[in-house]
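Some structures are shown below for you to check.
Across the two complexes that follow, chain A remains constant while its partner is chain B and subsequently chain C.
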Partner chain A sequence: MKNYLKLVSFELSRFIKIYIALIVVTTVSQFAGVFSQSRNYAATVNQTLQQESFSLNDYFVSYPPLTFINVTVSGWFIIPIIFSAAALVFYSFFIWYRDWFGKNAFIYRLLMLPTNRINLFFSKLTAILLMVLGLVATQLILIPLESALFNQLLPDYLRYNLSTQTIISSSEYLSVLFPDSFIQFLIYYGLGSLVLIVLFTIILFERSFHLKGIVFGGLFGAGTFILMLSPFIIQTKLSPYYLYPIENFAIELFLGIVISIFSIWVSHYLLNKKITV
Partner chain B sequence: MKRYWKLSTFILIIILTIGIFYLKPLFSSNEYPNFTIETINGDSTEIKNLTLRGSYSPDTKLQSDFESMYSEKIFSLSHDQVIYDKKQSFFSQLSYLDNFSPLNRLQKEHKTFIRGKNLQFQNFFEDDSFIVYVNLDQEFLDKRAGKRFFDIRLLNKKTDEELSYKIILPEKGEYQYIGIQKIQIINSGLSVVTRNDPSQINEQDYQENLSEYHVYQLDLSNQKVVTDHLISFEKNPSFNGLTQVELLSETQLDQTADDLVFYLTYNQSVNGTDQLASLNSSSEILDYELIHYKISTNESKKISLPKEVRTLTSAFTSDKNTLYSYFFIDKTLTLYTTLLNKPDESSRLLIDLPVSKDSIEWKSIKNNKLYLVSATTESPLKKKLSIYHLTDGELIYEGSIEPTADNLLTTKNNLTIDNGLID
Partner chain C sequence: MIEVKNITKKFGNKKILKGLSFTAKKGEITCLIGINGAGKTTALNAIMNLTPLTSGEILIDGKKLTKESYQTIAFIPDTIAMLSQMTIRQAMHFMKDFYTTWNQERANELLNFFQLTETQKIATLSKGNTAKINLMLGLALDVDYLLMDEPFSGIDIFSREQITSVFTSHLIEDRGVLITTHEISDIEHLIDKVILIDDGIVVKDFNAEDMREQEEKSILDVMREVYVK
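Let's look at the complex of A and B:
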């Protein structure tokens, strides 16, 4: 346990500078977005009032007030989220390959540590998951702060206040990061973890058997993907909607757990018996 | 553990932030306010089988102009509870049926029988002894799939015996679409009413090819279609615009009445030149006819309505073996009730409503009662529910739909009731 925690802490500290940079870029960009969106909106309203000789009341008969949901669909808001997600996807590969291709082939030292080698696997997996959840939590902290700035920048009559929950559930993008219920949250991020576990096993196949390993890893990935979809493929061919949704869910949950355990077992085997430096 | 304080703090922040986000709505009632139906006058058992469907949003403007951005909170309201769709458990939300569907009861009581079925309401029929399910393997024509067939399942409720049949559908023409409209068991025979849309090749076909309605009588023991009755509608030959026909009779699970009412309309596009445009909302009805068809005798007959209600502003609804025709003038509803077995006799009723037509959000006629939900001037969150008996026009129930928290009434928030289900 101690070795595992040490390794998680170590993995996090290796990425911390880039991670903080991602948080800073997201924060600056989103605050800039709030600022520019609200200023532009106020300017547009003013311009329309002058050009059309509208009164404010007339204006709001034809147009809705601005809400924070408008801000969340702008590039200022979305692009840093996509950028951070892409960075973490990239780092999911890099977290392994840097140990082989970095200075002094660091993997030598890691594999020589007096601990079970599967701890390497778990620590890297935990590190990525914590980084994902850390960014998600950061976004949750940022939204009320950005919303407060938004309320400060625009007078009452130009905006409509919405709660963080409403903003998130109404936004197409944010509702993917923060689904409506906690169970859905566990399902989304559990599925993400499953993909990560399988991806790590594929990487270990490649590291163990090199070119052949790419083929093995590819087959392993495709196999798990088909296995996860198999209840739906079978139903489509034989009898669509045969299973009730709750039954589909139970089967998928079972398959997810089985695939995770199997994938970890394969990784354990590869790390202990096949991995080469 | 001291050396891991950074890691521990990081994990703690994640747990707290995500935990608060998911726990907070449980403690704030304003996001999903509670509504009730308060009985003002009449017997509250009148609303026991009524479920209203509506939506709540924080501002009228957000709701009407901002629909794509702001998601309204949709709910079902019955006499004793309000259920918001989004507040339902994840597992309830997974269901193929929304909680408003009458098929929920069938699914609960006959889980094995309902498994794998196409859960469209009109595909089912239920009486005291049987549940019948009929499905067409292809609604839209797929030439590679071969001939269309009916997939029929029959459950004997008393013995729990399930029988299944496959019967090929004899098609007299080529139909782009065939959809089941109604299933009936009449005199122990199974009849399936379908709407058949002939394949359309060019623009001309849009005007000439009226949707066809067929009644297929099935012989289950010999697995064949005994008769295929095409319900004929005599089009007005002098009219060269677009004629459309629609089935007015509402499908109900337990309805054994064998009457169908069709609404035949003669339309013209608004600009008068573009015939294709008349298929869209830009067409206007120039004239209409109502036709009564009796499944057991295969007879169709034009319904002649009194002159007063034969206006273009009249609306029609049919329930079991009765046709209701009505129109509004100010706060007065004029309603004609026509028993379909005596189509030449209609009784007239005048009902004084509390509001004019524009304030009525939802109306429905069922079991010889008129259900109305109307807006009030007090608050956008307060609606009035009225139920009238259609034999004498008496107001038998009056209720108020309102939030349980009074402080909400003064806000800009908005409530809309746009649908209802009467069991």
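Let's look at the complex of A and C:
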């Protein structure tokens, strides 16, 4: 356990600079977005009022006031989120391959540590999950701060005040990051973890058997995907609503747990018996 | 004692090891010699469970390798097994963190001997100094067996001399050393046992001292007999 925690800390420290850069880029871009969107909006309103000789009341008959939701759909806001997510997806591969390639083969050291090799798997998995949750938490802190700046930049009559909860539930992207209920949170992040576990096993297949491993890994990935979809595939043959949603959930939960355990067991086997430096 | 028993290893259709068997005892320097592709590195990797075997068995003091074995056997590969962005100090902290057998006093002693400082980054070290740090990271572990893969490969003569002198010091004494090298002349006088391998099998093994005294042949002489036909 101690070695696992040390490895988690080590894995986090290896990505910390890029991770902080992602947080800084997201923060700067989103605040810049709040600033630019609100200033542009104020300028547009002023211009329209002057050109069309509208009164403010007339203006808001034809056009809605700006809300923070408008900011959340802008590129300033979404692109850094997508960029951070893409960086973490890329790092999910790189977290393994960086140890094999490059100037020094660090994988020698990792595999020779006097600890269970599965700890390497769990530490890398934990590091990625913590980084995902860290970014999500950062975003959750940023939204009220950005919303406060938005309220400062625009006078009352040009905007609607919205609560953080309303902002999140109104945004397609944010409602995925911050699901409405804890069950939904478990589903989204549980599925994400499952995908990561299976991906790591596929990488270990490739690292163990090389070209053949890509085929084995591909088959393993496809197999788990089909297995997860199997309750729905079967139901399309029987009847679309053959099972209650809660039954579907229970089956998916069961399958997810079984696939996770099996994938970890396969990874444990590959790391101990098949991996090659 | 390290016992390698009839090990075979295939990479695709190519058989690299074809039933390799040898032993390396504690307190002795055993040298595994062979031309490129003979299977020397694969044999060391197999001992450390860094590559799976097709068949055969490897025992360390009569037991199969487990995670605990890495506290009693250390491998110094031909490339440094540490992150290049680390400083020497960070590399030592990493080792101290994970190995209960890490001996900081010995690490400092080696650093002084090699005239290197803790604050140097591994990435900025010359090839010779990188090899010394690689050696230090292995030698500073209080282990019974040391495996070294080509420790002299591609480094300057002065670094080679410094590394060679380590072999005659107390840092090696009482340990079992299994080494692969091309630069046989540097350590010929230090080797106890020689294992000549070719095409994945042992073609000859002998005690270097006996060979010198009884047959008046150097290791190089025997190598010529075996490899130059």
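Everything below uses one rule, namely that the second predicted complex is superposed on the first by the 277 of 277 C-alpha atoms of A that agree within 3 Å, B and C clash if a C-alpha of one lies under 4 Å from a C-alpha of the other, contacts with A are read in each partner's own complex, and residues count from 1 in each chain.
Heads up, the rule we're going with is that contacts are C-beta pairs under 8 Å (C-beta built on N, C-alpha and C of every residue); 3 or more make two chains touch, one makes a residue touch a chain.
Since the model is a prediction, treat every value here as computed from it, not as a measurement.
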Exercise for the section: Check whether A:Tyr242 is in contact with chain B, with chain C, with both or with neither, and answer first, second, both or neither. Expected result: first
Completion exercise
Of the two partners chain B and chain C, more of chain A gets touched by chain B
Practice task
For A:Val8, select first, second, both or neither according to whether it touches chain B, chain C, the two together, or no partner.
Solution key: first
Exercise for the section: Check whether A:Ile141 is in contact with chain B, with chain C, with both or with neither, and answer first, second, both or neither. Expected result: first
Exercise for the section: Have a look at where A:Asn104 lands relative to chain B and chain C in the superposition and call it first, second, both or neither. Expected result: second
Problem - Contacts of A:Ser260 with chain B and chain C, given as first, second, both or neither - result: neither
Practice task
State whether A:Ser74 touches chain B only (first), chain C only (second), both chains, or neither.
Solution key: neither
Problem - chain A partner contacts - residues on chain C that touch it in the complex - result: 45, 48-52, 67-71, 74-75, 77, 79-84, 94, 97-100, 122-123
Exercise for the section: Spell out the part of chain A that touches chain B in their complex, as residue ranges. Expected result: 5, 8-9, 12, 60, 63-65, 67, 69-70, 73, 130, 133-134, 136-137, 140-141, 160, 162-166, 169-170, 178, 180-185, 187, 239-246, 249
Fill in the blank from the handout: Listed in rising order, the residues of chain A that touch chain C in the complex are 3, 6, 10, 14, 102-106, 108-109, 111-117, 208, 272-277
Exercise for the section: Please give the residue numbers of chain B that touch chain A in the complex, ascending. Expected result: 3-4, 6-7, 10-11, 13-14, 17-18, 21-22, 24-25, 28, 31, 58-59, 61-62, 65-66, 69-71, 86, 89-91, 94-96, 111, 115-119
